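These notes concern the structure reproduced below.
For reference, chains read A, B, C and D in written order, and residue numbers begin at 1 within each chain.
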Amino acid sequence: MAVKTLTIDGKAISAREEQTILQAARENGISIPTLCQLNGTSDIGACRLCLVEVAGIPKLLPACVTRVGEGMEVSTDSERIREYRKMIVELLFAERNHVCAACVENGHCELQDLAISVGMDHSRYDYMNPKCAVDITHKRYGIDHNRCVLCGRCVRVCDEIEGAHTWDFQGRGANTRTISDMFVPWGQAASCTSCGKCVQACPTGAIFRRGSTVAEMQKDRTRLDFIVTAREKKQWIA
Amino acid sequence: MSQRIVIDPVTRIEGHAKISIQLDDQGQVEGARFHVTEFRGFEKFCLGRPFWEMPGITARICGICPISHILGSAKAGDAILAVKVSEQANKLRRLMNLGQYVQSHALSFFHLSAPDFLLGWDSDPATRNVFGLIKANPDLARKGIRLRQFGQEIISLLGGSKIHPAWAVPGGVRGPLTTEGIDWIKDRLPEANETAELALSLFKGMMDKFKTETQIFGNFPSLFMSLVGPDGEWEHHDGGLRFVDAAGNILADHVAAADYQTVIGEAVEPWSYLKFPYFKLMGYPAGGYRVGPLARLNCAEHMQTPRAERELQEFKGLASGSVNNTFLYHYARLVEIIAALDTIEQLVSDPDIQSDMVRADAGVNNLRGVGITEAPRGTLFHDYTVNRDGLLEHVNLIVSTGQNNLAMNRTVEQIARHYVHGEKIEEGMLNRVEAGIRCYDPCLSCSTHAVGQMPMEVSLLAHDGSVLDTVARA
Amino acid sequence: MDLNDLLEIAEKENASAKPIRLRCCTAAGCLSQQGDAVKNALQQAVADADMSDRVEVIGVGCMGLCSAGPLVKVDPDGALFEQVQPQQCASIIASLNGGGPAEASVGSDTIPFFSKQHPIVLENSGRINPERIESYIAAGGYQALYHSLREMAPTDVVEEISKSGLRGRGGAGFPTGLKWATVAKMTAERKYIVCNADEGDPGAFMDRSVLESDPHRVLEGMAIAAYAVGATQGFVYVRGEYPLAIARLKTAIQQARRMGLLGTQIFESPFDFRVDLRIGAGAFVCGEETALLRSIEGQRGTPRPRPPFPAQSGLWGYPTLINNVETFANIAPIVTKGSEWFAGIGTEKSKGTKVFALAGKITNTGLIEVPMGTPLRTIVEEMGGGVPNGKVKAVQTGGPSGGCIPAAHLDTPVDYESLAKLGSIMGSGGMIVMDQSDNMVGVAKFFMEFCMDESCGKCVPCRAGTAQIHKILTKVTDGLATSADLDTLRSLCEMVKSASLCGLGQSAPNPVLSTLRYYPDEYQACIDGGATAEASA
Amino acid sequence: MSSTVAAPSKTAPAGGAKGQPSGDNRYKMLEATMKRHQYAADSLIEVLHTAQELFGFLEVDLLLHIAHSLRVPPSRVYGVATFYHFFSLKPKGDHTVVICMGTACYVKGAAQVVSAIEALGGIKAGETTPDGKVSLMTARCIGACGIAPAVVLDGNITGKQTPAAVVDHVKGWLGNGS
């Protein structure tokens, strides 16, 4: 197991060579904001919130997929990065119809936490006000596309951990929508095992337990971690 | 020469009132209109949302009585789930509503109206507010503030926050009251009782002084409506609808929530965003009715506790039939604080209040649900139609201010007739118009936005429509 | 099949050629102007005049000057007929037979449009019949492949390409030899070659023309690459919008396979190489290599972060070499004529030639191939003939990823570095000329709408950022924007450029940034003066 | 906005694709294509191309059939079919007019051609007239920049077009529907 030494925000750390900057940072108590990243599923580098600066490389690099390197000087909190993060969060808020005050996830939402952490008090961009539907045809769960940030966690958790691949995206660009099966209402998606992993994976109030009232929905990520760890370490095989 | 007076709105749309006073060609008040320009579009905004979210969403309609919306909405949700909430849950909901009565009524009396009573209608507007009151009568002001806090704290202990706790949910409530909460309430009850009694005796003692106001601040016969219990007792959350007329005759009784439209119609007037509900059997506008504390006392035959019952009967002694004086809303409000405190005392001693069996789980079993509750300022209706998944397809909200709308118009008109002289709007008149409206404690944000002053615009209009004078308050 | 067979085919093909040959352009541009009817009419006229023994009419690929199509060229005397109508064909044939001057308008191949060209990629275009492999072989085709397989080690081939200085013609200009060497070095049980023919830049049609005019050239380049890096399977990913190119590629693959130039044991060597077509389905982002790979795998064409680069982990996780059409088309000549010859053309850092598609407000629209470093002015004013009845305002290069170069910079030599310095890019080679009537804010908005619609939606800066940029630009053109909006626009463009996942998003703001840089007055005018008409003809 | 150059098949699935696949010759041809690709999941796009050629558009049941045959999750098939503008999940009109909106065509006035046809047909780009006669589409550069603006009428590329000329042509389609 080769070890690399590097600095993150001036702090000298060592990391295993197969680790990403994000993993190394987290192990050393340095927090880098993420949204699409979900432990146990593949990293896609889509939300761009974990972009970091690496000395000598002009491009910003996504910490979730960039491997550590010997002598790397990583900066996770420059003024430029902070500003970009804030812009990205503002773009997300302007893109769909997020109304925190009336949201099931209010107070427990990763997007809301991000907004607070980047110091966003309003979005400088115009609200797009897209027409988005709420689908609560599933017996136990619901999805409100107004609150979806298209992070794809539900798609990956369903495909990679549950193995059902009920979720996917349809369309593209700003018209991308999360869909179940052949764009049928969730309740009619034959492939859904109702396992609820997507509910736990969703960072916002987009996927929720049916019957949830405002601010009542709280995701429990440890349940996913448990399954992933148990599987990776084959804890279920005697 | 005919003229018109406009008390015109206000700089800010939301929660601001515009009042126009129309003069005839003799320069006499011909009529007055209280235009509510407040329009939040909640009924449209909610469409497509799951009904479970409605308690949280509709709580945003108003920062003053969110509890009523939460409770009304939760009850409509109960109906859609087709569940009967557990006794325990219902007691908790009732407790929260009573907490709200205490805080809202205390706010109305001590913070908003007391400066007029104690400092005088024509005192300097700059000090005619709660701060002036603190200066003039610090002990009373402090007591009032603490009484309000007591009510707020009950809400907070139950819901976890004072303003928008979406704690009542379709099927019940999210959780019970803790032992610490019960102890706290029990500790503070004696003080609250003392303040309430003090306020009531203070008001009774001033009744003679307020003869003019009692006569001209909306003194007219009308119908009254509220919820009453099975035996016609005072009710703030359950029971059925009762209509009584000015003479105290019962016109309709024990109307179930789901049947409200058999007795209530809603008219629309082009000059106001508010709808005008009326008693169907008498048509519009003859069927206009009043709701709120005065209506509840007029509709109720009895109170549930001896102390409150004594007060009710004394109050009822003021008139042979219904008490028709709008100014006596203030009196009724104080009686209700007494009743609320008595009931709170009963509830916190009930072991059910600590039960955790407080939430029924169910799917969509009815496509329509109506929830009615008595908000401090009057009866509140939440009427939802959902699709089979529980997404809202139609929403009808009838709020107390809407139901008092006709009465508020008549009140403004009566005050104007008495106080408008000539073509200028005088401060004394302005304050009395405001006080007349304030009797109803209307659910406009304006009733609290400014310290003791309602943000509104009043215009005086000549017969030909030209504006003679306008006074705007922000 | 060996070299002798090749030469034999070539000889036979040349011998069968009739003394007079009329070459008719049958590429998409001329076809859309009745090019096929002209060809048929010529054939009929030849038959009618009973001249079939010495005159033949052949369909060839693009001759370049699309604005003058349909084009007919007569060999060997070199007469060029422009805008030929079917009814003029009899007269043309009659003129060959001494019947006096033809009625058709006569062009000249000595005008700068032709004379300043240096055809390497396009050397066969407009000369050979793209639907006959024999025609390609007669022009020396597949000899480079033979030469590579039989006389060079794979490492020699990579070395030769490296020495030539060839850089990727898809836009970014990555050194081709380096890419090949990376794939060659990988040890894997399988490797792939992919030809990126998803020419999506609006205003660019070089690759389409090459595929329609000389498809075997591309296949031969791919085969040489496969040999050099050790791949056995290739894919041509071609736009669905190019039905003719697809048809000709299909024919070409079939013919090559039948002759044993693709398939197993090519030229009786142990080298196997199979090529399959993959048809794109209308997604600009699939021009991005990782998105293209996803698309070949039958998935949504969303890019992924690099590294790993396709050269390390590409199709199905195997090392994959991706080059674009024009890059592959350069391979055979380099192998045949040597890296030194190639390196002698162009500039120090940009070797060889580049094909450009000239379009927009310019007299001579069409395809040209010039040495790298040719000044923009030569291309636009001399070869392109400038703007008809007007002045050049700007030249847009690089499509939606590029920028607008103002007329003041026309003397810039066209190479990768110089264009980048001006805030544009070489791109795949589209050049759209704009005149004074074009509103640059409208142009920027046009490109942003394109990028917004083509964003795959995966990463937030591109998905939500392009939509916001477009919204702000709409405010600007509608006369509703303020100076503060321009600041928001600028900062948003910078963020989208720096933070997007793939090249589409990273370059999407270029048209806005370059017009903001060179035409701030036009933005300001929109703010000061209200709504402005968008660019129009 | 869907873009295509090839003329669509004029035969929409009779009674939808729901019928007995075995009784429909087009299903046999589709089957042959899938077989040629050995029912590999990665041939999805190729198979969708074939299906659209055969059926004119991709109905949901047809997509489900493909999903089952290639053993690809239905949501992925739908996701792919809607990602690419070439694929249409709705039937196209009897005639199609595709207006190239590439840069060269844009600067030569393609937008005006689009507006003219939108006004004539009362439809937006990407839509089909209510009578099902004409579908209007825009394309991302068909590579005919030399003859801009280019318009593809029922699969035939025409160059140097004007709004009036295209309107005349489309009027003919709308008039007699043939």
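Methods note: a contact is a pair of C-beta atoms (placed from the backbone, for glycine too) under 8 Å apart; a residue touches a chain by one contact, two chains touch by 3 or more.
Since this is a predicted model, take the numbers as computed values, not measurements.
**Q** C-D or A-C: which has the larger count of contacting C-beta pairs?
**A** More C-beta contacts join the chains of C-D.
**Q** Report the most central chain, judged by the distance from each chain's C-alpha mean to the global C-alpha mean.
**A** A
**Q** Just how far, in Å, is the C-alpha centre of subunit D from the one of subunit C?
**A** A distance of 25 Å separates the two centres.
**Q** Just curious, how far off is subunit C from subunit A if you go by their C-alpha centres, in Å?
**A** Computed value for the inter-centroid distance: 39 Å.
**Q** Hey, how far is the Cα centre of subunit B from the one of subunit C, in Å?
**A** Once rounded, the distance between the two centres reads 75 Å.
**Q** Rounded to a whole Å, what is the gap between the Cα centroids of subunit A and subunit D?
**A** Using C-alpha averages as centres, the distance is 36 Å.
**Q** Hunt down the residues of subunit D that sit against at least two other chains at once, touch-wise.
**A** Expected reply: 76, 79, 83.
**Q** In subunit A, which residues are in touch with two or more of the other chains?
**A** Correct list: 169, 171-172.
**Q** Could you say which residues in subunit C touch two or more other chains, in rising order?
**A** Answer for subunit C, listing residues that touch two or more other chains: 283, 300, 453-454, 456.
**Q** Between the chains shown, work out who touches whom and classify the graph as line, ring, star, complete or other.
**A** Contact pattern: none of line, ring, star or complete.
**Q** Output every touching chain pair, sorted by label.
**A** A-B, A-C, A-D, C-D
**Q** Contact residues on subunit D for subunit A in the complex?
**A** 60, 63-64, 67, 73-79, 82-83
**Q** Where on subunit A does subunit C make contact in their complex?
**A** Per the stated touch rule, the residues are 44-49, 51, 59-60, 62, 65, 80, 83-84, 87-88, 91-92, 94-95, 124-126, 128, 149-150, 152, 169, 171-176.
**Q** Quick check on the complex: what are the subunit A residues that touch subunit B?
**A** Interface residues on the subunit A side: 101-102, 104, 106, 133-137, 139, 142, 187, 210-216.
**Q** Which bits of subunit A are touching subunit D when the two form their complex?
**A** Within the complex, subunit A touches subunit D at residues 159, 164-172, 179-183, 189, 191.
**Q** Looking at the complex, which residues from subunit B come into contact with subunit A?
**A** Subunit B residues touching subunit A: 48-50, 52-53, 55-57, 59-60, 164, 166, 169-171, 174, 361, 363, 389-391.
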